[in-house]
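Given below, in the form of structure tokens, are the structures.
First chain A sits with chain B, and in the next complex the same chain sits with chain C.
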Partner chain A sequence: MAAGGPARRAHNVCMVSDFFYPNMGGVESHIYQLSQCLIERGHKVLVVTHAYGTRKGIRYLTNGLKVYYLPLKVMYNQSTATTLFHSLPLLRYIFVRERVTIVHAHSSFSAMAHDALFHAKTMGLRTVFTDHSLFGFADVSSVLTNKLLTVSLCDTNHIICVSYTSKENTVLRAALDPQIVSVIPNAVDPTDFTPDPSRRDDSITTIVVVSRLVYRKGIDLLSGIIPELCQKYPDLHFLVGGEGPKRIVLEEVRERYQLHDRVRLLGALEHQDVRNVLVQGHIFLNTSLTEAFCMAIVEAASCGLQVVSTRVGGIPEVLPENLILLCEPSVKSLCDGLEKAIAQLRSGTLPSPETVHNKVKTFYTWRNVAERTEKVYERVADEVVLSMDERLNRLISHCGPVTGYIFALFAVLNFLFLVFLRWMTPDSIIDVAIDATGPKGAWTKQYFLGKKGRVKEEILNS
Partner chain B sequence: MEERRYRAVSGAPIALRRRQHSASCWELAVRGPRLQLRSLSAVTSAVWLAAYGLFVLSESSMVLSAAIFITLIGLIVYLHFVKIDQESLLVIGSLGIQVTSSYASGKESTTFIEMSQVKDVVINEAIHMQKVIYYLCILLQDPQDPQGVSEVVPLFQSSQPRLDCLMEVYKSCQEILEQRKTAPQSSGIK
Partner chain C sequence: MVCAQVETSPRRRWQKVLYERQPFPDNYVDQRFLEELRKNIHARQYQYWAVVFESGAVAQQLCSVCVFVVTWWYMDAGMLSPQRLFGAGLVSSLLGYILFNVIDAGVGRQESGRTWWADLKSTLVFIAFTYGFSPVLKTLTESISTDTIYAMSAFMLLGHLIFFDYGANAAIVSSTLSLNMAIFASVCLASRLPRSLHAFVMVTFAMQIFALWPMLQKKLKAQTPRCYVAVTMLFALAALVGLMTISSVGAVLFALLLLCISCLCPYCLIRLQLFKDNIHGPWDEAEIKEDLSRFLM
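Our next item is the complex of A and B:
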């Protein structure tokens, strides 16, 4: 056991999600950073995801984070197809050989995460689920996802949300007991987002927007703001990073008002380039229409920019009032907010980028996230896993008469399938994997420095 | 020479025979389960019973003779091309590694890898048929790039021993590869 003292137990955590590197995004970096910090705290962590192109099989990342890329078919938007059963043999094999004690699934869009929760409950393992997104209640697709979420989460041990708004949303959607829902916000790596005032041109005022150019991010609002403000302030420039279907809207605006020299569209950005774009601006604008927890504004604030954002979802919780200007999601209100920010900037009443950075860097760190997640694991480890009959009762009583009975039947079938698999390949003939991380982890500094091919054999030699 | 019993990934019993010819020469052989008379007769009688059923329905004696031929040809193909009785590895420090698989019919297929081509022997993990298994493989040196690996040659593909057996083989192989490293010029003399 590492630095934490004798009171702390080490857990064998298995993170499951369809979304992981090489795919890029918030969930992916969340899983990676959280895993790294948990490894640092002495837990054994592995990640299970589906194969990305030729990247399949088993890989090791920094510090011995083991990643399983399973050969499952991708159906839509990098999410795998689900039949609830077909992934059981492989997932069971992995859970047994890695001696997993806690299955931690991520993202409600990931079919694999729900499958893994379902199988883990059948196998009697403890389950944790992290929800990364907000949903509506009105349209058909969200009604369906909400129903599935109800089924999937009704017997999960613990749920983690990224903001209080997201918690409220999830509790309502999945009809959960709020007691088992924790809030642990996302974090940013403050060393990646440092201010650099020399990079920006102080003779003009630059507003930076970094987001995917999609409807949900309020790009239509942005297309209304750009001409209005550009008319008012002749030295105002816009810098837009990101790609998406709404790019055409911004290009139209640029065309119509002849703003080619003042509105720059940078296209898709790699994560490491985001900081270089951010430091070129004075004000960061976020026009999202819905957001569970906005990472982008924390990153911008960490770079020392004044943030102007819409007051939606979990955004008001993210930063203290003196670092953010909140507006209603309308063109008028956002323009007022931006004008206020520009006035403050010109009068010099804004705090310097350094002070803002130093303040923000203490807010959201991955170590803190890992510590709080660990507390959830501790709590979950002491809970009892629902037995089969309790689980069936819960499903029937919780999910409505029709869905409840259907999924209770699925749970029984899944259990029978598991019994069959146990008979085919008993747990005793499954080789226990050699730990790369955790208390008995073979992956230490000296092995890590070796060449890739040597790593494994040295693990075996020890 | 010593023989030890292990299990394959599927749970079938296998035996590992190790023989040290000299300090830099090991012979390692993994012997799979022999063809069981029981399973052979079970398959044969199943095919013949099915053929007899068809014969009763169709009343054509062609069915019966076809069944006999199918069983015979099937058996020959199975023994000659499918069923591997023993897979062995002959590691000679100064020469190379010889990989032999012996089929149940007695047919042998042999490949030889020169020592200068062998970069390393490692145990790796792979996802195979709804299972995650450990396997032993030889990494071949990429002639262009001294750090690179041009090809991975998996060993014991048919017997698929479990990790404890692989570790034994691995240790013996490494013993010899280590000797090569301490005397790096030995292969260049020739």
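Our next item is the complex of A and C:
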């Protein structure tokens, strides 16, 4: 490992998650952007995910970000099935080949992320985990998943959460020491979300909604708000971007109240189209019932829209009070909030989109995220990895008598499997992979400079 | 290092916001950490005797099933003629019907808007159809072995007990399914009786005890709780005595079951309530409390 600078060490980071491009979402863009910024700061970063259709093997993205698409079976919601053991040969090969020092897993919904943490600990690597979502405690399914999370995180070096609410939630769910949990928010590329007041029609008022049309995003609330407000304001229009099972509800409402010319359902949006939809509106409405961070409201605020949102999860932490109107998750409260925003809009007391944009763009940047994540890596790199017996003790003492012993047994089996694999193919005969960024990132600078922001990829045979 | 950073301006308080760069390390734990945590906000405090009173519904339904099976047994053994059962059923139904209307001074009837004539009509239609189809009911299950019939009836009655609406607001409750299962059991059992008149009377009796009787009970419970307790006791006693004449061991076991449900289970519920540890906080998924279906009507 070469030293990157006088104070900083370069780390070989492996991001593992089931969720990555071509899948679209918050986790996916988080991994991509964070990786790019870490490469920029001189670290070596690779991403490991599962194969998406014909996209398998190794791919290179912008700036030599190497992505492994592993041939693992997808079980549910793009998450792979887990047996806790079957992915060890592949992951071990990658970790050894790429000389990985830190394994950074993302999203608690991803089985692959948990597998990778488990194997990395068996191999004595440092582990970091980022939790992107909130979970309840009330039903049977959350009791079970929380137990698994406790097992997975009890011997992980450091955990990152995207908001303070998310930190509280994760600390409670996995019974963690809050000191090993850092809060590093998500970010938005402000250059992608610039305001453009000329694109909107100021003779009418447009409310924009961009979200997946699912129950958790509160689309049922939206189906109550639309008729309520459309009856009150004849020049009010709704622009809804996104796709999902709740689309039918919105279509029914549109049909029932004859609002075809005023409620436009745009269907699924490509990431680069989101901004073009956002700038057509005056007010952004978010009706989520639960949200750890909510990138959508930051994107909307960055485009200069007035944001009206439900007060749930981490949303109150994300934007200052003068940029967001927080409401209770009910039709009445949200309608009141929207009416207030409409009144402000008509009286002209809202700040101009440009002012809002200039303010928001200072809040969250990926460079800042990468800087703070790097601090976590620095801290983790100085920590001692738990030895096998300490790890077993931790599992048994931390995860309860039954689960603890079961997973301690699994850890032992995993270790034996690793010993067997090391005997089959010793680490010494595994080739060291060539760094796709070249020596000291030279290739990156030579070939890829000036192509920022576009995912440029070349297929190399694997 | 992350930890080494000490607060640079000790006066500045930590804020739970993400948009401001604060002079605290990322893993800083403030005193306000978890201050919005709430415990057991939906937990209810139960009173022992109130729970015992509510458990009466379960005991009642168990007794109904017991009385039904005992009656069938008597019919099957020829110790009870169908005419007598029908007569007794008719008289008690009439009494119950009058009671049902008198007990709330006719308020329920006015609210539902159902006339006496409509009640009489549906009664007549039901009786006529059951009587007409009773020969079919009698021979319906001839090709099925008696053991299968008994097993099926037992399962159906068990299902009836499981899905019955005891007043709990749960997903499993379905009074339609529950009633259907009970009627299915009665048709099965009726088909093993000697004659079609027996079958007719048996199905009518099942209707009375599984459909009409719980309705009356519910009204009794709401209007005159004292009277309801007395009726429940008497009914349980009747079921026990009936069972005693068939099997004394069965009667003892049934008595123990009733005691367990009415006295022991409430006690357990109240004791276990102390161990309840339910956490709530801002991370909980918000519930939509309004009725949104009105927008689609």
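Here is the rule we use: the second predicted complex is superposed on the first by the 435 of 462 C-alpha atoms of A that agree within 3 Å, B and C clash if a C-alpha of one lies under 4 Å from a C-alpha of the other, contacts with A are read in each partner's own complex, and residues count from 1 in each chain.
Throughout what follows, a residue touches a chain if its C-beta (ideal position, glycine included) is under 8 Å from a C-beta of that chain, and two chains touch if they have at least 3 such contacts.
Predicted, not measured: the structure shown is a model, and the values here were computed from it.
J.: Name the contact category of A:145: first (chain B only), second (chain C only), both, or neither.
T.: neither
J.: Report for A:306: first if it touches chain B alone, second if chain C alone, otherwise both or neither.
T.: Neither: A:306 stays clear of chain B and chain C.
J.: Counting only touches as set out at the top, which of chain B and chain C does A:372 meet: first, second, both, neither?
T.: So A:372 only meets chain C here.
J.: Given the touch rule stated above, what does A:71 touch, chain B (first), chain C (second), both, or neither?
T.: The first partner, chain B, only.
J.: Contacts for A:58 in the overlay, against chain B (first) and chain C (second): which applies, first, second, both or neither?
T.: After superposition on chain A, A:58 lies in contact with chain B alone.
J.: After superposition on the shared chain, which partner residues are touched by A:93: those of chain B (first), chain C (second), both, or neither?
T.: The first partner, chain B, only.
J.: Applying the document's definition of touch, where does A:223 land relative to chain B and chain C: first, second, both, or neither?
T.: In the superposed model, A:223 contacts chain C only, not chain B.
J.: As a test of reading the superposition: which chain, chain B or chain C, is in touch with more residues of chain A?
T.: Counting residues of chain A touched by each partner, the higher count goes to C.
J.: Please name which positions on chain B make contact with chain A in the complex.
T.: The contact residues of chain B facing chain A are 7, 9-11, 119-120, 122-127, 130-134, 139, 147, 149, 162-163, 167, 170, 174.
J.: Which bits of chain C are touching chain A when the two form their complex?
T.: 1-3, 16-19, 25-27, 29, 33-34, 36-37, 278-290, 292, 295-296
J.: Taking the complex as given, what residues does chain A use to touch chain C?
T.: My answer: residues 134-138, 163-166, 168-169, 171-172, 178-185, 216, 218, 220-221, 223-224, 227-228, 249, 252-253, 256, 289-290, 292-293, 310, 312-314, 316-320, 329-332, 363-364, 372, 375-376, 378-379, 382.
J.: Where on chain A does chain B make contact in their complex?
T.: Residues 56-58, 68, 70-71, 89-90, 93-94, 97, 425-426, 429, 431, 433, 451, 453-454, 456-457, 460-461.
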